[in-house]
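Pasting the structures in now, so scroll down.
Each of the next two complexes has chain A plus one more chain, namely chain B in the first and chain C in the second.
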Partner chain A sequence: MLSDLAGYLVTGLGTGCGYALIGSGLVAVYRVTRVVNFAQGAFAVVGAMCASSFLSVLPHGIGELAAVAVAAVVGLLVGLLATTTTPQSALIVTLGLAVFAYAVEVLVWGDQPRSFAGLPGAVSIVDTRVQAHYLLIIGVTLPVFAAMAMFFTRTDTGKALTACASNPYAARVIGIDVRRMGLLAFTIGGALGGLAGVLVTPVQQVTFDSDVTLIVNGFAAAILGGLTRPAVTLVGGLLLGVTQALVAGYGNAAHQTEIALGLMIAVMIWRAIRRPETQEAPA
Partner chain B sequence: MKLLLLALAAGTLALPAFLDTEQLSIYILAGLAAMVTVGLSLLMGHAGQISLGQASFYAIGAYTAGILTVHGVPPILGLLAAPVLAAGFAAIVGVGVLRLRGHYLAFATLAMQLILLSVLAQSDWAGGAIGLQGIPRMSVGGFELDEDSHYAYLTWAGLAIVLVVAHNLVKSRPGRGLRALATSEVAAAASGVPVGRYRLAVFALSAAFAGLAGGIYAFYLGYLGPGSFPVLLSVEYVVMAVVGGLGTLAGGVVGAVAITLLVQALNDLGTQPGMPSYAPSVLSYAVYGLLLVIVVLFLPRGIVPALTRKERT
Partner chain C sequence: MIEVKDLVVRYGPATALDEVSLHVDDGEMVALIGPNGAGKSTLVNTLSGILKPAAGSVSVRGRLAHVPEGRQVFGDLTVEDNLRLGGRRYRQRDTGPVHAILPRLAELRHRRAGTLSGGEQQMVAVGRALMSRPDVLAIDELSLGLAPLVVADLVTHLRELNEQQGLAVLLIEQNARLALDLCARAYVLEAGRIVAEGPSDELARDDRLAAAYLGGVVADAE
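Moving on, here comes the complex of A and B:
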């Protein structure tokens, strides 16, 4: 039993990275625009579906990058619509766009699950065989988070984004174009969502309506940091992934949804009781 | 206004006699959707809360009625238990979940529905993933409702009850308190509105409406499965409530009927010969999505308030 632990940990960390990427996309958008982007899961599905098509003509690496770029453009398009209204209405607008994305996805790629080959082979970790692709997911996600941290704290654009996040009014006063920053945030969110989809699909098939599970888990990861802190989101995503893998491994795989979602609701209620002032006005 | 309402009520009551089986099914489904949407519209418009899990109360009502009658309980008791259990569930869940606002509540209710679907799919007492089969037909004191038109009348009665209850609530003192708390919770609380209790009560009431609709649905179809209550169904109710106009009773009904008819028309179009097999679902997804975006951006108050406002000017 214990020898399986290392295997569960690695697969859990791998899926957790996917949740963390989706969650950090939510965070990137929410920090700057106060919009909770319900279409975040759709970005991952679009990225995954595009990659599955591109890879039939393009080599590995380029095909995945092109898919992430498409997801970023989709993010920008969603942002163009969602930033024209109040954050409360924008939740419903992005919900509508997520449903509309179903129509496009079914039209282009059909309603059957799709997947594509990832990193082939398996590696042994303490006597257990683990698909090598999980290591690739972790190996890509961690540098991406490091790069994001550098971007937000070291570059001018990143600092401008952080300024909008902390006080939009003051940011506008010193000459930062808040709407453009909002659109940039949506583009980053799209790219992060697309990356999550591209990375996770080789180990978990994606259908057009996978976005519900993806966004709920991403939201669960992001909620730990109050939707504003990328680093906490990474920790939250990894914890969620590992918990699910352990529940599935030692308990009953069928119960992993209930446990993850129950945890999420508990964390939200606990936060609401502790800090009622973090709650915003009713939608 | 009173005359118009009476005429509408009489007209819709007479209508089932002239409909064929397929049209009756649209009539029933539209009526059931209206019952759920009126509750959701109260919740969103008056209590200012969004629920992305309203279909879970519909499912609880349907399963309550289904499981009880399959085990030999008289159908009428099963139907009465449906709204009671749905409201009870909402009251218990609501104590925790209603501490959340806005998008937090949206995700919590969505998560609630995902958990419920997962539990239903794994529980043998609920038929598991295959579903609950062989639910007997509705019967009252030896009279069995065995024709589709009977279920149309039952739906009509259900919707009438929902509308009367909701109307009385909106006109009452608690109703005014709810409207106040939708605008500003702090101001409402300062004026002596028991904010927490009212929010919980309206959440439970909207669940009771959905549960009653679910109960009728169970008897009408005779079969229930976890797949009958997807997350998309909850989104549909939000579309209906938003399109019709939040916080108005007529809006809930108009939204539900309009969307049901529109989706039915698209379905007919999508199943025309020569259309690909995925056409109906693509069309309905596209319409739900576009309607939600367009109405929120350009008609934020919904169809009914927009129309009535134009009449006055």
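Moving on, here comes the complex of A and C:
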């Protein structure tokens, strides 16, 4: 009984890390550009698909990194299109690009699920066997979040990004190129999405339309922090992953997405009740 | 230092500035006064390159720093980070010289700018602008929403900067009396056009201007 619980916790945290990475990609883009990027899930699919191809010729580590780099470039390209218009219109642009990505993905990789080997083997945790790859996911995600926090609060570029998020008009006043910072945010979003895809695929096959599950859960995690707080997004993603693992373990795995949606709606209603006038501050 | 010639700025079909010409010389303090919606902020935003002229020309010799209307500090960042961002073009970003001019900012350095009072935020905005080591400072509404004592303090600092470091200032003000007291020369902007210009004391004696701007200020002060 206890061993089951430990197993669910670890797999839940692993899955949750994927959601948290997707969610933090949404946050990185939204904070700087005010664009809700519906192509965020597609970055993960592109990363995963690329890794599945690259790993047939490249060794582990390099293949995954190359896939993340491709996802970052895709992020930049989406940003180039999305930052030419208002944040509201950009939302539709990203949605359109996410659907367009289906076509490209099916054309290049087909419509069948793909996967590749992750960290082999299994480890024992409280008498239960868990795929070692789950620990790798957690072991990569947490340092990535720590590095992101350092980047945004300690480095010049990170502070300039935070400045754009805090007050875009003032950022322009002091000569920060806000559009370039937006493109950088999209690139970071692409890399984070790609990383999520690369990390999660060995334990969960990916298909061209896996982005829906990823973005719904990633969005649910991000909305907990009002789409602006990476740390809360991490906690939200982990909670979501663990809850889903517990529901799947003790109940019915078919209800996973409903939980994410339910949580998301509950949070949004709660936020609306608590602060009805909360809207974006005028620039 | 600043040379604006026949400047026209439009927002879509609306003309915000219509053939505006003005200049600010080295080390000079010049006021730009006028009612709400006259186009004062549009002019500064054009000077700092945020808006593009539809016609005419804007030239700034040396470095212009812009203190925007409503202070516009980075509320999520500390005072120190706000200042450093102002000096981001330089490798050397010592905030010491700005602390020497505005000592209060040294005390507040670790506070988040969003938690400060209006006067303190205005100091942050001025300090952030000074960090770019400007030759000319364009200040959009120095006194708006600030207590008179706070304004007096800021004005003292500005005078010092002007006298000791030769910093030129283009001061945009709703409080015309304050602006005319501080600056030797002034322009009056109404509905996108310069309607009067000259030495401040002459403008202050102009009956029509006094009725339009200086009368209102007395009422404001009470």
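The rule is simple: the second predicted complex is superposed on the first by the 278 of 283 C-alpha atoms of A that agree within 3 Å, B and C clash if a C-alpha of one lies under 4 Å from a C-alpha of the other, contacts with A are read in each partner's own complex, and residues count from 1 in each chain.
We take it that a residue touches a chain if its C-beta (ideal position, glycine included) is under 8 Å from a C-beta of that chain, and two chains touch if they have at least 3 such contacts.
Everything quoted here is computed from the prediction, not taken from an experiment.
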When both partners are placed on the shared chain, which of chain B and chain C touches more of chain A: B
Which of chain B and chain C A:254 touches, first, second, both or neither: first
Touched partner set for A:169, first chain B, second chain C, both or neither: second
Which of chain B and chain C A:117 touches, first, second, both or neither: neither
First (chain B), second (chain C), both or neither touched by A:150: neither
Chain B versus chain C as contact partner of A:160, first or second or both or neither: second
Set of chain A residues, in rising order, touched by both chain B and chain C: none
Chain A - residues contacting chain B, complex: 36, 81, 84-85, 88-89, 91-93, 95-103, 106-107, 110-111, 209, 212-213, 216, 219-220, 223, 254-255, 257-258, 261-262, 264-265, 268-269, 272-273, 279-283
In the complex, chain C residues that touch chain A: 48, 50, 66, 68, 72-77, 81, 84-86, 88-89, 128-129, 132
Sites on chain A touched by chain C in the complex: 156, 159-160, 162-163, 165-167, 169-176
Chain A contact footprint on chain B (complex, rising order): 48-50, 52, 96-97, 99-104, 106-108, 110-112, 114-115, 118-119, 122, 182, 185, 231-232, 235, 238-239, 242, 278, 281-283, 285-286, 288-293, 296-297, 300
